[in-house]
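To start, I am sharing the structure in question, which I have written as structure tokens.
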Amino acid sequence: MEGVLAQTLASGLLIGFVYALVAVGLTMIFGVMDIVNFAHGEYLMISMYFSYWFFILFGMDPLYSLPAITLIMFGIGIITYYIAIRPIINAPMLSQIFVTFGLLIFLRGVAQFLWKVDYRMIPETLASGNINLAGIYIGRPQLVAAVGAILCYGVILWFLKNTKTGMALEAVAEDKEAARLMGINSNRMFALSWGIGIATVGIAGVLLSTFFYVFPEVGGAFCLIAFVVVALGGFGSVVGAFLAGIIVGLVEVVSGYLIDPSFKFMFVLALYLAVVFIRPQGLMGK
Amino acid sequence: MKKGLVILLVFFAALVIYPFIFKNPFPRHLLIMIMLYGTMGIGWNIIGGYAGQVSFGNAAFFGVGAYTTAILLSKYGINPWIGMLLGCFFSSLVAVIVGYPCFRLRGHYFAIATIAVGEIVQILFTNWEYAGAAVGIYIPILEESFFNFQFHTTKLPYYYIVLAMLAFALLVCYAVEKSRLGYYFRAIKDDPEGARSLGINIQNYKLVAFILSAILTSVCGTFYAMYVLYIHPANTIDLWLSIHLCIIALIGGLGKIFGPVIGAFIFIPLTEFTRVYLGSEGQGIDLIIYALIIILLATLRPQGLWGIFAKSSS
Amino acid sequence: MLNVEKIQLKYGNIPVIHDVTFRVEKGEIVALVGGNGNGKSSILRGVAGLLTPSLGTVSFEGRDITKTQAFDIVSLGISLVPEGRRLFPSLSVYKNLRLGAYLTDDGKEIEKRMDYVYSIFPTLKERKDQRASTLSGGEQQMVAIGRGLMSQPKLLLLDEPSWGIAPKLVDKIFEVIREIRNNGVTILLVEQDVQEALEACDRAYVIQTGRVVMEGTGRDVLNSELIQKAFLGL
Amino acid sequence: MNEILVIDNVTKRFGGLIANSNISFAVERGKIIGLIGPNGAGKTTLFNCISCYYSADGGKILYEGKDITRETPDGICRMGIGQTFQIVRIFREMTVLENIMIGAFLRNPGRKKAEEKASEVAALFGFSEKLDLKASSLTISEQKRLEVARAMATGPKVLLLDEMMAGLNIHEIREAIDLVLKLRESGITLILVEHVMEGVMPIADKVVVLDDGEKIAEGTPDEVVYNDRVIQAYFGDKYHAKRRKNTA
Amino acid sequence: AQEEIKIGVIYPLTGPLASTGQVLLEGVKLAAEIVNGNYNLNMPLAKGEGLPKLKGAKIKIIPGDHQGKPEVGMAEAERLITQEKVVAILGCYNSSVTATASQATERYGIPFVNESSTSPTLTDRGFKWFFRTTPHDGLFSENFFMFLRDLSKKKKVGANTIALFAENTLFGSDSVKYQTKYAEKYGFKLVGTVLYPAKSTQLTSEVQKLKGMNPKVVMQTAYIADAILSMKTYRELNFAPEAILANDAGFIDPEFVKSLGKDANYILSREVWAKDLAKKKPMIKIVADMFEKRTGKHMDGTSSRAFTAMIVLADAINRAGSTEPAKIQEALLKTNIKADQLVMPWDGVKFDPKTHQNMLGKGIIVQVQNGEYVTVWPFNLATKQIVWPFPKWEGR
């Protein structure tokens, strides 16, 4: 029994890291621009496809194609900003939601057009297999993803806290006009936050592709969880998203095991509600 | 404004005559869906557009309305019209239970909370044996009559019922906008703290908006159940439904009485036609075109299309 | 140093500044005075690049900056302390000040300027970790001024620096204005305390309904009938 | 019972910082009270305690003899205490008239009535020409005035005004003074927080001075102005010299 | 010109089930092609072009997309009937959509032939115009236990403890209901049931639970997404019961083997069809090859059922000799297609006069061996020996 519980906790923790990794880009973009990117999951999907095709076409293992895909996704993020987001930067919140929602449908449509609706999966990667740790099985891909998540968070936090650009991002997030008066090019910062946000979800996609299937709507489920993670952690808080991702993973897996998997997501949502009733700004929000 | 009134009358006259010109069920169905979504869009607009509380959980009210009617009718033989009223009651109850704690939340926190509530309601219904769980409820087929809210040979009565619902929703919305409520809602949307300092109990007024919204949506749930005669959790309490309501209000114009009507008149045909004419090969082109239209609308007219219509009518 | 030629400024389609011309020489304190809503703040916004003139030109040190973006103008050495403070509300006092020196990388230099700001407003030092939004009104104004000083501009645009400041500290602020001018900073000042402003400045322009209606040395303007009647009500 | 508002030993802390420490004073009906003190002295905090945006950590606030310490801000307004904010809060997306109407609705539920009342108030505050402008297009000082008008429209018995005269020139301050006097005439009790002495001293019936969260003086303007402690903490040495010059 | 007979076909052509919808549509299209063209197959209407009793009229397929949404399905049915003037409708895969679309056909008095919605309730409604060719979940569930009984007789394996694992949608919960019922009837011990929300991002707690129950057989019901994910999770958590007996759907989806590669091996699934049935019925291979040539995909139980439904419908229209709905309905009731005329492993097609359920339908059990689905039950149709038990993950 204990072994099973330990296994459950370990599994929850691992998936929690993945959730955190998926969510970090969302919270970042929100933190800087106050925009909830509804299409976040679709970028995850796109990067999973990239990873898949790099594997199929060039035989590149996801772990090798990771840097290239991260860069490509960074570029895609910046392009997205200049084409779709910049025109609505001053529009009301709902119009912005509307545009990112349009992006969501657009990207799904493109994926469906290019790659059909089939489910695809990379059969075997460098990360495949599992490790048996004192009776606890840990999937190696999940482990790799978890390590990736931690590294990614480390880098982002360091970047935000210790670089001038990080500070500028914070300033732009608070008041973009005032930031301009400090000599900060707010547009460039916004573009950068999209670049980083999409690049991180790109990393998440590549790592996810080592153990999860991809199809044009794969983003949906992850995106919803990412929303909850971001809100639970506190919109805009990177540390919050990290904690919340782990909590959501644990709650989902443990409640699924101890209570009833049919209700596992309900427990996650109920947890969110419970937390914000006590702390309306989420765990770490401002 | 006189001219506006004339246009309104012409609009309704056209809606009344429409089924006599289009006798095929499909165009009638299309209009029924437009008006149904228009009604729900108005419901959404009251909480989301006027009071500024972006709800992605309105599908829960739709579901409660549909389920209340379906359960009462299929299990106890209770007349669907009574089911409609009770549906409103239960929806309002849900609105109060949910709204009371959630209205402390701001902006996106509230939006996500409403998603959570909608999803939780869906999960509950999916697992609730009594309500048919995932199988849902087949509504017993009764003799065709207005009393029974069932019509098998023609869509006409459904058409006029939903037309009446739309008119009712517009009236409610008009009454709200022109009264203190409407002003208060807008004030709360604009600056809740400021509103508080002027003696407005913002919690209560948000709740009033939510209840109105719930009632208008719940009525549509009942209608849907009686129209489709089969409901299950995935098609009645769906996050996408909530999102579509929001989009409809946005396309038309937030916080404008006619916004959602215009929104529905554009959105529903858009989805239908892209699907019918572009979707059947499953290549996603329909989605791409549809998405581009949405993005363009949001970018070029963030304030909604209402303005264009307003200009030409005044 | 700053030459504003016949500019027109608009909000949407409504022009609020018409054909305004003025100049600021190096080392001067120039004041813009005028009643409420007459467009003083708009002019400063125009110079700082937050509003782009629809007509006319703005040039700084001989360079045309009419169409230059606000953040590039800062790097030329113009800094605006805006009306309404515009702090970064959830950042600490320290970070707000630090952002004032965004274009500077030299840590020592930044510390030096920071110390200077703290020496003017000792309260800020005590509160350096407090979030700006929880400061009292006057404290926020101090941060706004301090932040403007942090960039060590060649030209400092001050929009109503004494707003919400206690009388004792107002005196201090005007002392500081003179002091930094003596250190070589040029100042363009908008101030409702007309008396104080005109006494402190070298030259002044009177703005009414978006136009310059009078210019001259501070003393002349102060003694003019227009000011005496309309602004001081004597 | 001529004291409409009694502040009784009010204390408010923020973490370790004591923003209001045992403050007590009484406000008489129909009077103008000036509340002054250096930046960060705790004036706005005290306002927020009275209007119940903060709940005081200690002490009581009595309004017409009733303890209101645990009321809500909207409840307070309905009881007859209106307020403005130090940092303007107007309904930016609404017109000037609509802003005032929101206030007016409190005692005039009908739209027609509210509109009439609002126009009346608008005229009083000099907004007649600007009724249909979007509030966000007003200058900041106009926005402050709009806030006062809005609060006025709720028909308050007490008005708490936080720095309504900031950013006005002498001429405009005189107009503001006239307005305040008019309000007092109509029976309203006013508490003004100001740093613009020209705006309070001539009209205040009583001045309360805070410093560092404590009340350091209370009295008529003349008493306060020559109080050494107040001069030292608040006015500064130059104040009297300047005052003499101006009145000369 | 030649007369065309329009038949409406409603499938989830966009949305989450689009891939299945496309396969279904292809199956129907192939059937129409065989009917319209001249093929030498022992199948109704294959020989000779078009429908002989209607002067060689050809079938024209009008597709409709329901996106998995019931009201859309209903609207599509109405549109197809009234605007496109179709004479009959075929669809809709998702039981919930079939439920509403068939209400529309019932209202308009148009025959509806359902090929693969397996919710038993559908034929309990007493509809006059609704026909179902496929067996439903009740029957399929029973097949599982018949299989296990046969197996224990033949191989003496005692697979007597069973855990049920299903997504909690219509399909999953219906299946669980019937599996529970038949477990009791056939004397098997149910050690537990795990229901979970479809399309989960992870299934570790579910698999943990199963592991804790320690069953010999897991009976699983899932669509493709969960099918793939659960297999990955079994492997990751090293869970290998004696058999995983899957309920069709995701486990026989063409993507299943493609995505999982070797990891898909040894899965047992209930099926309605398998390519290797061709060994006993050569016609199957010809049809399957045609399908593969057209689409680049293997034929499977989904497409073959859609194919068969189209043949059944075309046959009825032909026999009716008219496009009048009532005549077609009458002809459908008289349908009697023999086992050897079908690409299915059924005993034939013959509708129950009351429920309109095909009484001769039957499932098979297949196993993935070397990436191919081979028939292992009924033993008389089996082409390969069953591999039992499911090998442990490590040794593979």
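Labels for the chains are A, B, C, D and E, by order of writing; each one numbers its residues from 1.
The rule is short, and it goes like this: a residue touches a chain if its C-beta (ideal position, glycine included) is under 8 Å from a C-beta of that chain, and two chains touch if they have at least 3 such contacts.
Quick caveat: nothing in here was measured; it's all calculated off a predicted structure.
Participant: Count how many hops through touching chains it takes, at the least, to reach subunit D starting from subunit A.
Facilitator: 2
Participant: Taking CA centroids for every chain, report which one is farthest away from subunit D.
Facilitator: E
Participant: What is the distance, in whole Å, between the centres of subunit B and subunit D, each centre taken as the mean of its C-alpha atoms?
Facilitator: 45
Participant: I'd like the Å distance between the centres of subunit A and subunit E, where a centre is the mean of that chain's Cα atoms.
Facilitator: 37
Participant: Starting from the mean Cα coordinates of subunit B and subunit C, work out the distance between those two points in Å.
Facilitator: From the centre of subunit B to the centre of subunit C is 51 Å.
Participant: Which residue numbers or ranges of subunit D touch two or more of the other chains?
Facilitator: Within subunit D, no residue touches at least two other chains.
Participant: Identify all positions of subunit E at which a residue touches two or more other chains, and write them in rising order.
Facilitator: If we look for residues of subunit E contacting two or more partner chains, we find 14, 18, 22, 168, 195, 197.
Participant: Would you mind listing the residues of subunit C that make contact with two or more other chains?
Facilitator: none
Participant: Report the complete set of touching chain pairs.
Facilitator: Contact pairs between chains: A-B, A-C, A-E, B-D, B-E, C-D.
Participant: Under the stated contact criterion, what part of subunit C meets subunit A in this complex?
Facilitator: That would be residues 48-50, 69-72, 74-75, 79-80, 82, 86-91, 95, 98-100, 102-103, 105, 147, 151 of subunit C.
Participant: Spell out the part of subunit E that touches subunit B in their complex, as residue ranges.
Facilitator: Contacts found on subunit E: 13-14, 18, 21-22, 63-65, 67-72, 74-75, 78-79, 81-83, 96, 99-100, 103, 107, 119, 121, 125, 168-170, 172-174, 195, 197.
Participant: So in the complex, the part of subunit D that touches subunit B is made up of which residues?
Facilitator: 51, 53, 72-75, 77-78, 82-85, 89-94, 98, 101-103, 105-106, 109-111, 114, 150-151, 154
Participant: Under the touch definition given earlier, write down the residues of subunit A that touch subunit B in their complex.
Facilitator: Its residues touching subunit B are 30, 36, 84, 87-88, 91-99, 101-106, 108-113, 116-117, 216, 224, 227-228, 231, 235, 262-263, 265-266, 269-270, 272-273, 276-277, 280-282, 285.
Participant: Provide the residue numbers of subunit B that touch subunit E in the complex, in ascending order.
Facilitator: Within the complex, subunit B touches subunit E at residues 24-26, 29-30, 33, 123, 126-127, 133-136, 138, 152-153, 224, 227-230, 232, 234-235, 272, 275-276, 279-282, 284, 286-287.
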